[in-house]
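In this document, chain identifiers A, B, C and D correspond to the written order of the chains, with residue numbering beginning at 1 in each.
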Amino acid sequence: QEETSIATVVKIAGIQWFDRMEQGVDKYAEDTGTNAFQVGPAQADPQQQAALIEDMIAQGVDALAVVPMSPEALEPVLKRAMDAGIVVVTHEAASQENTQYDIEAFKNEDFGANLMEQLATCMGGEGEYAVFVGSLTSQTHTQWIDGAIAHQKANYPNMTQVGDRNETFDDQQQAYAKAQEVLRAFPNVKGMQGSASTDVAGIGLAIEERGLEDDTCVFGTSLPSIAQQYLETGAVDGIGFWDPSIAGYAMNKVAQMIMDGEEVTDGMDLGLEGYEAIKLDGKVIYGQAWVNVDADNMADYPF
Amino acid sequence: MSRTISSRLSSPEARLALIAVLVFVFMAVLSPDRFLSVQNLTSMAFQFPEFAILALAVTVTMLTGGIDLSVVGVSNLSAVVAAMILASIAGETAVGAGAVMWLILSMVVALSIGAVCGLFNGALVAFVGMPPILATLGSGLIFTGIAVALTGGSAVMGFPAAAAWLGNGLVLGVPVPLILFALLAAIVAFIVSRTAFGLKLIMFGANPRAARFAAINVNGLLLRVYMLSGALSAVAGMLVMSRANSAKADYGSSYLLLSILIAVLGGVNPYGGYGKVIGVVLAVLSMQFLSSGLNMLQVSNFARELIWGVLLIFVMLVNSPRAAALLRRERTT
Amino acid sequence: MKNINLARNEVLVALVILAFCAFAALSDPRFLSIPTLTDLLRNGIILGIFSVGAMLVLVSGGIDVSFTAIAAFAMYTTTVFLLEYAPGLPWYVIFAIAMVLGALLGCINGVLIAVFRLPTLIVTLGTLSVFRGFLLTFVGSKMISALPPDMRGFSRMMMVRGTNADGSFYSLPWAFAALVIVVVLTWFILHKTMLGRSIFAIGGSDESARRIGIHVTRVQFFVYVYVGALAGLAGIIHASMSRLANPFDLVGLELSVIAAVVLGGARLAGGYGTLTGTLLGVALIVLVQNSLIVLGIPSTFQSITIGILILVGTGLPAWQAKRAEARAA
Amino acid sequence: MSDTDPPLVEMTGVTKKYSGIVALSNVDFTIRAGEAVCLAGENGSGKSTLIKILAGVEPRNAGDIRFSGVAQGALSPRASADAGVMVIFQDFSLFPNLSVAENIAFSTQLSAQGALYRKAEARRIAAETLKRVGVDISLDARVESLPVVHKQLTAICRALAMDARLIIMDEPTTALTEREVKTLLGIIRRLKADGVAVLFVSHKLAEVLEVCEKVVVLRNGEKVAEGPATEFDSASLTRAMTGRDVAETPPDPLAADAPVLMKVAGLSKDGVFHDIGFDLRAGEVLGVSGLLGSGRTELAKALFGLVAPDTGTITLNGAPIPLGDPLKAAAAGIGYVPEDRLTEGLFLDQSIQRNVAVGRLDAYDRGAMLDLAGLWGEARDWLKKLSVKHSDPEAPVRSLSGGNQQRVVLARWLARGPKVLILNGPSVGVDVGSKSEIHDIIQALAHEGLGVIVISDDLPELLATCHRLLVMKGGRITDEIIGTDTDETDLGHRLAS
């Protein structure tokens, strides 16, 4: 009989983040001998991802581990997959209906609040700050920023958000130009929080050119490999992320558990860093898997 | 014998048909059990109609020597509005005749919005005299922008179950999107070759100045062409909405270049005056066979882009008399 | 510009720029400052170099949508190659490598367009896919932020540097000089050489050009190679200045660049285009794109604003031309 | 210079095929320094092809070419130019986007082989050449903004600016009015005196015989006659070209009781034409003539709604026609055959039958669908009625000769059953044979009760077709002439005065 195949379908192929995830998937394949592999569309377009999943269903994979570009857009195709008896596990899609389990490294609002907490501490709990999202249409980024702003409002009344949510289109150049403009329009701005992995790099570059490394605080989601040079100079003060390779491993593992008829329970240990005591909320599995990195510990995360 | 084959292959469409068949056979041979499975064939039939309809929209504008870069913007805007009707007025719980009625209403609204957007484009081209490439580039940004402003950027969802039928249903085992596409392709083919409007638009594409001197209502023609393109885009938008069970301002962003690529690969002359719907259909099929086949073989999706580009240039070279002449000169000397 | 001619795009665009600046200054007096100027100039470098190339192609009667893919290809491949084999090369050698690479890719466009006489839009649409697909499939798809040291060094080389009242810096990088050189060189080619005049001639009528003995093939070939080299230069400057080689960057800008060039008066039908107009078109787009926050336009309305700008900027001259034609008839 | 010198150009056995079509077959041709040779022949007989081969624009399939006795291999435009062969092409081949100065000096600067463009030098060359020809055109004007005459003159100057030893003119007079033609013929005489040879192609036989020493006649790509111009007259030349006699007959007189069909009153457009008024009766052929810039083409366009007049009225059978709307004008029964067949009249790459049927699409619109059988049937009937020579109605109209192309445009309008037909330059670039056939068609139309307006400055044509003539000058009608009251010389005087 043919071996079990698990397809991990990511938002977009080839970028750092998902290459790191692929390491987890590959490791899982190696550890267990399953045919676990990762695919992703060439363009960041939910329709391309849906088409790719269609093809995977047609190919007859046993399980799908999906990181949806846009969870809503995948509901019908994931439903079709489940109707066809394919096990479906998702990641970064707490609102996904057509999934057996969704694995979240953390609650998005909490993660956003965590970044805000660091930003506020750095700013001394007062002053103006601006926020950036990769795109206004990204649910995850919106939740991070929602969580951050809520945290600020509740705990740091002396801080004020200036300007709108700046949209950077996941493009470092745009983040850079927007940061420049924020600095011109709001000369008193002391803090910036980014969402897309390139946001802090763009912001950091603008900060560095202005020579404001020590006068401003910049935090955001990113990867050490992208933010490193700005962390070194202090243009970026800290980043947060979760390790995609572990998330990838976890998705495959949970998929296998479902296929094997094992049950996932609240407080369970998945045997993975950050997922030692998971919280189960309906179908959503929460870990405590975020990592905060600054200039001091960035060497520990070589990706 | 060889002469009859080469004369049969003298039309660009015949050569495209050959390419489509070759790609299909190639993929089928590489992985017969998977590529030829009913599962896979149905899956492909669900996938391509949405961008194939956009390619039809681009095609009709290209026949006039123009282009419509706003197709994706139009399809998202109309889908977002339709989705708002379905989600907030009809509601997720609507069932039976009520739901169907709301679905029909939302489709009518979407089509009207598509047509109005098209009218706007047509007016820019006809009355303002803007080059279509710029008019629709600008208007596309505006349409997308309106969709973003309407939704704040997030997805609109929560439709009655009936809405899913459009993109996911089967009639006698045939996917509804495929039926829809076949119908629209037939209609566009009919319009282009069998109606006064269609013939006029090709003649206009061939020589806009002569069309004016031949007392063709040039402005009315342009308005209608872009309205047709807008309405087709709206249908594609409804399909995407139904298949995604949601609508959002940035769905299908990769479809614009793809639909232009398909139209051109299908033999439509981007400078106007020539193009056949059958060519576009064959181009769509080649693209889909190639793309599903490559997914099956787990070839990187970036390679697919590369192969599409190579295919496009290859087809152009094959169809080019100049290339043939150069090759012949090469051989004789 | 002896007398102000409102029908000319240059004049219209210049007026729109002035009006926009006046409006921005009214809504926020800080708008008129040196940092605004240096920021805008810096953000116009890449777009500017691209636009000069796109203008040249339009003048020759073609259209090129592949130059962004060439830029990304040249930039990323050069970076990968250097990191692998020669990370210590000085920046000017790095730039030269990227330009040669861009020129080579331009050759492919050149052969297809000039020798096989295929339609330029289709060819470059195809090569856009090919270059990008090849880059991402075979060269790599990861962002590289650990650039060769001299590329990073280049981004820190400043032409002008100063301190604002609040102690922060403003600066204009030497990369801006590249734009100036490109503009001057292109101006020289276009207006002072037979090659340049031949480019205009071909754009006016390629058949006539052939008939009076202009080597149409060679001239067209030159255009695409030159534009390829410019794209390579823009790409490597982009990577250096952003200290990041991202293979997904730049592609997607092509239509905005062409819009900027047409805004500046170049015609899609060929034969017409000026450097002044092109730079004004770029200036307007950069100005608007980088002033939306200052003007307080909410993020959700920014793409509508830019769309309207393109429609107004290109629609006004088009409408005037149409009316003038109707009057003259 | 003596007869023993090798001729300037000597072609022997030159053959040219276009994918099967033999455009030139085994043609021998020579031209000597200071000689003016006329190349005559019907549309499609191979005149332009011969010129293109001499100019190096098209390669020959067989045959030898010698310039001053030196055998030439494959020619290129530059090789020909360097040998002193300059061509003024039928379509001018100018650069619309460049200035007059640059257009004139471009070839010269190309041959100079320099890499740099010397603007001052270009202006000097252009100014000198313009002076030599004796015309005054602004050096900095863009060619696209020039009237046709000036474009023509610019093209001539470009050829003269080079040290030309042979100037080839392919139908240089089609765009010129009588006065400019006179200037041009003067230039040719001066060139001959300077030892420059001229190869001249024209369908206007009178001017051909006026300047040329030698005539070479082509028919179907073969040389059928050659001899001194003195041995030919219009009739014999026509016979050589067509292989038959072609006679032009003046129109039958108009019936005295013919009703007024179209009434134009007080038509003005600022700066273009003023206070135009005339009646057109059923069955009447009305000629409109005048120098270029007299406003005649604008008037014609205004009658068809392509130009919107400021004031005035046009009525057809008593019913007013809205101004400035070609759709309404066409619907009311006015037809317009434009001046420039290639850019305004024809859809060159579309089929012949489509080019005819395009005017009848609405008539065959059966609700949702076109009656294609009826549409094509009618188109073919008209092609037959106007005896358009074609092999296949689905072939592109580009493949037809000039005369036949003109009939296709005529057929399109006749199929609509117009009441008034405006013909702007009905025989421009059409050979004598076809021309007289088109004149016969015009007469037949008038017989059927159509009102026809012919805009032309071809005097024999006006005399052969028109009952009445209006002369325009400076946008006003300055003269009205009854066809039977005049002859060619008289008409020429009254036009030029």
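In this text, a residue touches a chain if its C-beta (ideal position, glycine included) is under 8 Å from a C-beta of that chain, and two chains touch if they have at least 3 such contacts.
All values reported here derive from a predicted model rather than from experimental measurement.
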item	value
Labels of chains that are neighbours to chain C and to chain D	B
Distance between chain centroids, defined by C-alpha means - chain A, chain C (Å)	34
Inter-centroid spacing, chain D versus chain A (mean Cα positions, whole Å)	72
Multi-partner residues of chain A (at least 2 other chains)	13-14, 42, 136
Shared interface positions of chain D, touching two or more other chains	306
Contacts with two or more other chains, residues of chain B listed in rising order	148, 152-153, 300, 302, 304-305
Topology of the chain contact graph, where touching chains are joined (line, ring, star, complete, other)	other
Every chain pair meeting the contact rule	A-B, A-C, B-C, B-D, C-D
Residues of chain B touching chain C in the complex	69, 124, 128-131, 133-135, 137-142, 144-146, 148-149, 152-153, 257, 260-261, 264, 270-271, 300, 302-310, 312-313, 316-317, 320, 322-323, 326
Complex interface listing, chain C residues touching chain B	112, 115-119, 121-123, 125-134, 136-137, 141, 255, 258-259, 262, 268, 300-311, 314-315, 318-319, 321-322
Complex contact set, residues of chain D against chain C	55-57, 76-78, 80-81, 87, 89, 92-98, 102, 106-107, 109-111, 114-117, 158, 298, 301, 306-308
Chain A-touching residues of chain C, taken from the complex the two chains share	28, 30-31, 33, 35-36, 39, 43, 133, 136, 140-143, 145-146, 152, 166-171, 238, 242-244, 246, 248-249, 289-294, 298-300, 302
Of all residues in chain A, those that touch chain B in their complex	13-14, 37, 39-48, 50-52, 54-60, 70, 72-77, 80, 135-139, 142
